[in-house]
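Shared between the two complexes below is chain A, which has chain B as its partner in the first and chain C in the second.
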Partner chain A sequence: MRQYFSQVAAIVWKDLVTELKTRELFSTMFVFSVLVILIFIFSINLSIVKATEVGPGVLWVAFLFAGTLGLNRSFMLEKENGCLQGLILTPADRTTIYFGKFISNLVFLLLMEAFILPLFMVFFNVDLLAHLGSLLVVILLGTFGFCALGTLLSSLSSNLKTREVMLPILLYPLMVPVVIGSVRMTGQVLEGVPLSTMMNWVGLTLCFDVIFIGVSIMTIDHILEE
Partner chain B sequence: MNEEAAREGEGSPVLIWITALALLAAMVAIFIYVPTEKTEGAVQRIMYFHIPSAWVSFLAFFVVFLSSILFLWKKEREWDIYAHASAEVGVLFCTLVLITGPIWARPIWGAWWVWDARLTLTLVLWLIYVAYLMLRAQTDAGSMRARYAAVLGIAGFLDIPLIHFSVLWWRAFHPLPKVITSEGLGKGMDPAMLATLFISLGAFTCLYFALMGQRVNLEKLRDDIDRLKKDALDSD
Partner chain C sequence: MTETTHSADTEGAIEAEGIHKTFGVQAALRGISFSLRKGEFLTIFGPNGAGKTTLLKILAGLAKPTRGTARVAGFDVLEGDPGMKRQIGVIAHASCLYSDLSAVENLIFYAKMYGLGRPEERAVRAIENVGLKARMHDRVRTYSRGMQQRVSIARAVLHDPPILFLDEPFTGLDPQGSNNLKETLRALHTDKRTVLMTTHDIACGLELSDKVAVQSKGRFVLYEDACNLEKHRFEDLYFEILADRLPAEKTAPGGPGR
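Let's turn to the complex of A and B:
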């Protein structure tokens, strides 16, 4: 078991070091999500609509779009120079590759969200600090589910002819429950409603997270088969 | 191998005849036998196409799910063919649901589309399985395509209950349209209408199996041609 964790940690470490050296991914994701928020601000009139009503939707769309960039990148990087082949050839279990990639995707996305949230607070003039605890729980649950399913599908789409285009087409319809749930929960939390009144949404998102981690463990062997 | 395929081909006309007769019976029931609904008028008759199409598409997507699991388990090309054929038929009927729905909704609800839970679910389902077919079109024939499609077939079907609850709660603040709840069997439904609905459901189910049979046969013939081509190339 300890060996398994150290194998996963090695893959995560490799991704983090690569990112520290190049700093390509993080800057792309961050700038892109700022642009998404900006475009939404132009397309809605904030003097008419309430910020807490449209804000959560804009925030999650920005997370989702930027997250898709990260997911696309995560397995493409491995395809170059046949790195994935090397990873598959290591005597480690295939699920370690999945979990390694999953954790590094999760770390990148959470880090980017940590930078986006203060900007969101300023742009939309919403007070996030008052409900920070519940907000972080909601964001963690949603991002977890996004990365769980996203890592599985990006491992698959990286082998297709039109990879960058196919990932969102495969991923977004399946993400519907998490998107609806996260936007709804974020909106309620910003209105000051306690999280305990939305246990159905919390449960649904948790179910999603657990189901797709399970599906990934069961099926990743069939995708990373060469 | 060829004889076997030929025999299967002979078997399917029986099913096609049964389907044709069942559909004929359904048409008679829908357009002649069943009384016109009092408040909605003739447009209500589209329900006898709408509900069976919805049922067939759900059945088809369930078959995709089962075939995908069986494929990953047994790795037999047979199951991949079933999943592919069923996804195509399912998308066809799901499209029919999305077309017949607005035709009915326009005069009754006064809008082509309402963001109601069921409509949203159907649209998302359609998108998932169109993506499934696109994935199949994107990859070259072979074990990779079959494995990838199977993974998506499993993930897509497991997502359906989650999508169902999320869209249900998403629209929980809005009252559900009365017409849709009264579509539930039993209460207040005329026996003749109920009978027509069941005839139509039966006929559409037959149609599903007939189309599946044709599609599976076609795919097997395609495999045969590929094999023959390869043999011919090798012998040269």
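Let's turn to the complex of A and C:
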């Protein structure tokens, strides 16, 4: 078991070192999500519409679209020079590849979100600090589900010529329950509603997170097979 | 279709029995059988599309045969046992190296994936062995094809496997790089490793090998001890096979005429 975790950690370490050297993934995701927020800011009249009503949708659109860019890149890195083949040739269980990539994607996306939240707070004039704890739980739940399913589907679509198109086509419909839950919870948290009163949404999102991880564990072996 | 069969006497490091592989209606392998004893070096020649890479992929556990069985280091390749993966090293067409990591970072990563102790030490030693210590901290994308191939060899033997699969390792190398690789392979073979290599380089293949096979259209049409073959005679035979006009009497024992 110790070796299993050290193999997962090795994949995360490899992805972090690569990103530290290239800074491709983070910069792409960050710039893209800033642009999304800016476009919405200029198209929404915040003197008419309440920021806490439109803000959560904008925030999650920025997270998901930027995250999709990151996911597309994630398995492409493994396809270059046949690295995925090199990984499959090691005695490591194939779920280590999934969990390594999943944790890397989660770390990159959470990091990007940490940079986006202050900008969102400034642009939408919303006080996030008052509800920071609840907001972080909601963001973690939504991002977890997105990365769990996204990592699986990016491994699947990485074999396709039309991978950039196929990933969102496969991912977004399946993400609907988690996205709805995350947007609703974010809206209520920004309104000052305590998280304890929306346990049905928390439960729903958590449930899908677990399902996505379970399905990934069951199918990754077949997906990575040639 | 008659199956090619080549039996060896004892201690099979690699044993293949009636391997077929089809992709849709296209047959890539049509019943390949052979066995290789520990420490033997087999080179498989053959035109592009003969199914050499497919055969190597099946033996390395990267693909499953449509029909037939194969055992590598005593493990059934169909079972995908991690124990088998510890016994084999593979040098494929692609380098399997991360371009933005240095050579040493690549090898540390693979050492961790193989669960080897002291990955840093192992990685540095492996790089020293292929003569790249001076540039081990440079990104792999800055290396020449020959240098990448040397790192790829270091990666393949990092866990000291007794069996090596080499898929056209001489491709893209200049004469100097080719000579260096030949010396490295000779050294690896001297360490009593079993080697199965595919190549188009007749001179290198004949020089390094104990056994030689020619694969065409998914079958072995020749399987001989390398010492029984003269280079010129083999070249003539090989080019006839490439031109698809091999006379029946020239096929080796176990060939299609059998």
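By definition in this document, the second predicted complex is superposed on the first by the 226 of 226 C-alpha atoms of A that agree within 3 Å, B and C clash if a C-alpha of one lies under 4 Å from a C-alpha of the other, contacts with A are read in each partner's own complex, and residues count from 1 in each chain.
Going forward, contacts are C-beta pairs under 8 Å (C-beta built on N, C-alpha and C of every residue); 3 or more make two chains touch, one makes a residue touch a chain.
As the structure is a prediction and not an experimental result, all values here were calculated from the model.
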{"item": "Which of chain B and chain C A:Leu89 touches, first, second, both or neither", "value": "second"}
{"item": "Which of chain B and chain C A:Ile223 touches, first, second, both or neither", "value": "first"}
{"item": "Partner chain(s) touched by A:Ile180 [first = chain B, second = chain C, both, neither]", "value": "first"}
{"item": "Partner chain in contact with A:Leu35 - chain B first, chain C second, else both or neither", "value": "neither"}
{"item": "Touched partner set for A:Lys14, first chain B, second chain C, both or neither", "value": "second"}
{"item": "First (chain B), second (chain C), both or neither touched by A:Trp201", "value": "first"}
{"item": "Chain B versus chain C as contact partner of A:Ser6, first or second or both or neither", "value": "second"}
{"item": "Set intersection of chain A contacts, chain C complex versus chain B complex", "value": "225"}
{"item": "Chain B partner contacts - residues on chain A that touch it in the complex", "value": "149, 152-153, 156, 159-162, 166, 169-170, 172-174, 176-177, 180-181, 184, 200-201, 204, 207-208, 211-212, 215, 219, 222-223, 225"}
{"item": "Complex contact set, residues of chain B against chain A", "value": "72, 124, 127-128, 131, 134-135, 138-139, 144, 147-148, 150-152, 154-156, 158-159, 162-163, 165-167, 169-170"}
{"item": "Interface residues, chain A side, partner chain C - complex", "value": "3, 6-7, 9-11, 13-14, 17-18, 21-22, 77, 80-83, 85-93, 225-226"}
{"item": "Chain C - residues contacting chain A, complex", "value": "57, 60-64, 82-83, 85-86, 88, 90, 92-101, 105, 109-110, 112-115, 139, 155"}
